[in-house]
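Shared between the two complexes below is chain A, which pairs with chain B and chain C, respectively.
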Partner chain A sequence: MKLNRIGAGALLAVGLLLAACGTPTPAPAAPAATAKPAAKQVKVAVVMPSASNDGAFSQSMYDALKAVQASMGGEAAMKIAVSEGMVQVPNAVAAIRDYAQQGYDLVIAHGTQYGNSLTEIAKDFPNTAFAWGTATDTFAAAGVKNVFAYNPRAQEGGYVLGVLAAKMSKSGVIGVCGPVEAGDAKTYVDGFKKGVMDTKKDAKINVTYTGSFSDVSLMAAAAETHTKAGADILTGSSQSVVGAIGVAKDKKAIWFGTQANQTSLAPDTVGASQVYDWTGVIKEMLDLSAKGTKGGKAFELSLQSGGLKIVYNDKVSIPADAKAAADAAIKGIIDGTIKPLP
Partner chain B sequence: MNELFTVPVLLGILYSGVRLATPYLYAALGEMFAQRSGVVNLGVDGIMLMGAFAAFFVVSNTGNLLLGVLAAMLVGLLMGLIMSFVSVNLQAEQGISGIGLYLFGLGLSSLLFKKLSVSTRAIEGFPALPIPVLSDLPEIGDVFFKHNILVYIAFALVPVAAFVLNHTTLGLKVRAAGMKPEAADSLGVSVARVRYLCVTFGSMMAGLAGASLSIGLINLFQENMTSGLGFIAVALVYFGGWTPLGVMIGALLFSMVNALQLWVQVKAIPIPSDLAVMLPYILTIAALVLGRRARQPAALSKPFSRGEN
Partner chain C sequence: MQRAKVLFERSLSALTPFLAVLLALAVGAIMLFALKVDPITAYGALIEGAFGSPFALAQVLVKATPLLLVGLGICIAFRGGVINIGGEGQIIVGALATAAFTLALPQAPAIVLLVGGMLCGMLAGGIWGGIAGALKARFGVNEILTTIMMNAIAAQLANFLLRGPMIDPIEVKNGTMLAQSARLPELSWLPKLVPQTLLHAGAIVAVIMAVVVYILLWRTVLGYRIRAVGLNAEAARFAGIRVPVYQALALLLSGVMAGLAGSVEVLGVSHRMMDGVSGGYGFSGIVAALFGKLHPLGAIPASALFGSLLVGADKMQRAVQVPSALIDALNGLVVLFVVSSDILVRRRAQRRKAAERKS
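== the complex of A and B ==
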């Protein structure tokens, strides 16, 4: 019987250890001792709620960091540390603090849920630049000077994809698989709906929210419900949409994606994606930080700035008139004649 | 509100309910055997994740669905052996060790997913297999007889499980090990062996439950894709009063309420989406409070040592 606690303890320890491995700590550093970069190596850390290959929110940031790293000259010039799968906010907060303590130049808290804790941490490390999103508040009102905020105008691409959906739907029924009615998921859905209604007044848009950013099977059930209700075009937001994309593929519906290019998830199913390209934002934050400005600026990704891109999938044929309408919508949003939100 | 009670919507709820119930059914039927033998395995969700990953990984590399299912069951078997060793040989506190096993599965499946597959990509999972004649029946043909084979097997396992549990010597031994292990022991039944068998079988079913998600229902893998589904399966065992039929009714009810809340939103019934999303969980709690306790195995979660009890 004495073995009881030892056994339980041992298993728990192994479990916790491996769970910790699943949300990896900093990626191996560049071989600093041997490489000897001429300029000082910039160190960037990011804490994200899901995996870096989630095909959505986290991947958009990860891909952008890798792109910036490549443009700066690889690992010798820029070190990237990633903590992914940080569903638990307290763990994420601990990781953010750790990175700041380790002297990272820029620490990115990639999730709205991490924001509240950032005000406290940022005050303790005035020489570290922090960033969080999707958000617009840099906490300047609270006296914080070293936090950047970034926010995608998800409604813009949402509107454009809504126009495409309205033009391409044969049944006139379109299904929207929302996760939680908040943040860029909500603005995307609202923009998408307006895009559809402005293009096809009699179209029917059904919207569901699952109440979770991560519940893949419920998202699949939502997509299935939409197809049962007659939808031939589906869209949705968050990392849980992989479930819905699988259903769309199965039911031969067309999927429009957002956050990252989702074509690779189902190459015959994804018509187009709104892609968040954070490279410009990351570069500007690093520039400002190097010049001594550690925060205080809120960035917006937009179609105009090039931070939002509509990426088509060549394997799904998009009619010429639909593409023309989408291009007109992009132009209208950029010049301000179209308001993507109701 | 009347929009909700139309034939197409009700059939839609039934269809989604049957499909969604499948992973719950595998996991909960397996867990029921473990619990009837006296072991609570809270690691089900972690085993499901490992099973889901194993199946997805094997199918995306080989294209062989059967191999995927076998891989998921093998992973379940291995994790079941770990749980059995810890709960039967080491006699560890089952709740804690089960949670350890869950965290192990959650962490390892995420780690492997990241290290072994470069990107996610939908695979060709089990196709729908319409049952001849029955699938042509108007309305209900679609609802009940046009699913993939994993769905049929899950439901077919319900009567099989009931038969094994109630009408075979093995079933008698399982029930005895969970009700009165010392009496079973005195009659020459190896309680340890029975518990090993049940926990390992239950874990294989959990692995299969994972496969039914990643290569049957969704055809993709995503980090933590079960998001707590395995814990609901454990709750469904209590809900179902430790009987296969009860477990099936619970799984169907839970899934149909889930499907219902999606239809509430599709039909734009003016209920806030947050409230609709809460429906299945409210139901679970209500059912657990009101559920029958009569059949709860008396020795549930109590380690058994020969000569000590």
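== the complex of A and C ==
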């Protein structure tokens, strides 16, 4: 009996542990989908790995969808369905299939990790338009015709923010908190590094990668290490940077963000953000889909197309010469005189 | 009169997990109210999401398969008086071993790949559980601690292998560097039971294993000894059973089952080893086992029920657009209530026995 009691106690402990672990980033209530189906209502669904208010990757898509919805005339014209926190690929696959079966016009698989499964699903629903990002492959080579791909040229904004960082750093030490050395996180960091080095040759850039897109505490630890090493400017990518931004705030360092406008996370700390604005891409995909083209095109966000924007935070003062240098960098990237990647 | 009382007690004990789920959903309803979502619509979507279409049913069984396999391992461990919280790690090493085996022999016939792959997964899971078992038997180290710690080691091992030696060459070529292995040879995939769904033959494997575990525990000497040790270690020792050995064996066999769950996931669902393959099944399998009253055959409907809750909850998120955090909280509530109800039932049984002894 004693054994049973110990066992039951241990299992209760596990239960409590699970209940505690099972609640990651709190998300605000998404608006309830109460739209009355109008005659020509467009239905768009998005499946994403983190919360729609993650201040980064997922939020950039969610905000863009809401903007498109507003421009089209609200919920009556466009219905948005969101499946967030789909870290596990099989769950995401079930969600994507379910949306396709429900007859959504456009189903967005917002995560590079969903790509392999999407090829199979897309073949089963040839009349549904799918979108996949960040990616450059529409699977046309595999005979798939109904997948759009989208990818940000994160290095462009990275370069511009690197220029700003080099101009504004007093200690000459800059810390970069990378998640996984892949995709737009890698291109952003590479562009940022080049921006710094092209502006201030003797600057010291310390780059770390945590190996995780979601580990907030590890990202905070990385930021801590950078500030201890003298960094007065920090940057980083992925949904896990909230931890690092917190550290930047505590240590009075300046943070440069990417993916979404991160000003609201720390209004006195975030100097500027590179914002992925997917509205143009979404509109074009919907247009093409309505005309019968369900995929096959790869989109790229760039400074030139306006899909990438540098958004400043008025509460953090940016010296005029730094801003001028950033503007010159933007101009140079657009006209091709500056190559943001090494 | 006495018989009626016993019958009542038994049905109460069998019904408790279901009542616990209902209570958890009731608390969940309060949270839904707070989010201004109609609980009836939300739970309607949950039920529809789990049972509303053949695809949904197939998805439930896909989820139930690893839950059942892990749950079977939990039954063995608990019957032997030890606790295995290392399901996650055992799934990971099982999946890694299976992927490595099938990728190493791309030209082998399907039967070799499938049987060999699953045996490799069982072996790896067994080793992972067995290490905790050996530490307990030899040095008396608490198995709850070691199994949890082994989870972290397995996760880091997978992290290293999937970003290093085992990474898909295509990921390296494209520069996307996703932490996943190459796609397993198609011959090694578990056959699909229903086309256009993810339901695969692993579900049948899991049910067969439930019967095997039942026979092992109740019809073999090994099973008898494991149960004897679990029921009363002191008495078992006096009867000449080497308690530490059987506790270690129970942990090893528990690991074998979780390792097989990992195999089945890569051979049947993901067709490659990737980050997050364990999917929390190592923990939710414990709940599935408790649902089934820690009986291998009871675990079959129990894991299907728990699987339906998981699948239905995802559908609920899609249907009423609640944040994913609420779904996690709801699953956590179910775990909490089911585990607590189990303790309640045990306490009741203890009190009853004490009262009987007095009278």
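Here, the second predicted complex is superposed on the first by the 303 of 342 C-alpha atoms of A that agree within 3 Å, B and C clash if a C-alpha of one lies under 4 Å from a C-alpha of the other, contacts with A are read in each partner's own complex, and residues count from 1 in each chain.
What we mean here is this: a contact is a pair of C-beta atoms (placed from the backbone, for glycine too) under 8 Å apart; a residue touches a chain by one contact, two chains touch by 3 or more.
This structure is a prediction, so every number in the text was calculated from the model and none was measured.
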item	value
Contacts of A:87 with chain B and chain C, given as first, second, both or neither	both
Which of chain B and chain C A:183 touches, first, second, both or neither	second
Contacts of A:245 with chain B and chain C, given as first, second, both or neither	first
Partner chain(s) touched by A:341 [first = chain B, second = chain C, both, neither]	neither
First (chain B), second (chain C), both or neither touched by A:290	neither
Touched partner set for A:211, first chain B, second chain C, both or neither	both
First, second, both or neither for A:70, with chain B first and chain C second	neither
First (chain B), second (chain C), both or neither touched by A:266	first
Partner chain(s) touched by A:142 [first = chain B, second = chain C, both, neither]	neither
Contacts on chain A seen with chain B and repeated with chain C across the two complexes	1, 3-5, 7-8, 11-16, 18-20, 22-24, 51-52, 84-85, 87, 181, 211
Chain A partner contacts - residues on chain B that touch it in the complex	8, 12, 15-16, 19-20, 23, 82, 86, 89-93, 96-97, 99-104, 106-111, 113-114, 117-122, 125, 213, 217-220, 222-227, 229, 258-259, 262-263, 265-268, 273-274, 277-278, 303, 305, 308
Chain C-facing residues of chain A, complex	1, 3-5, 7-16, 18-20, 22-33, 45, 51-52, 81-91, 93-95, 97-99, 101, 112-113, 116, 124, 135, 137, 180-183, 186, 211
Residues of chain C touching chain A in the complex	35-37, 53, 55, 59, 62, 78, 81, 83, 85, 144, 159, 163, 171, 174-180, 183, 196, 198, 230-233, 269-270, 272, 274-276, 279, 283-284, 286-287, 290, 311, 314-315, 317-325, 327-329, 331-333, 335-336, 338-340, 342-343, 346, 350
Of all residues in chain A, those that touch chain B in their complex	1, 3-8, 11-24, 50-55, 84-85, 87, 175, 178, 181, 206-212, 214-218, 220-222, 224-226, 228-229, 239-240, 242-243, 245-247, 249-250, 264-267, 269
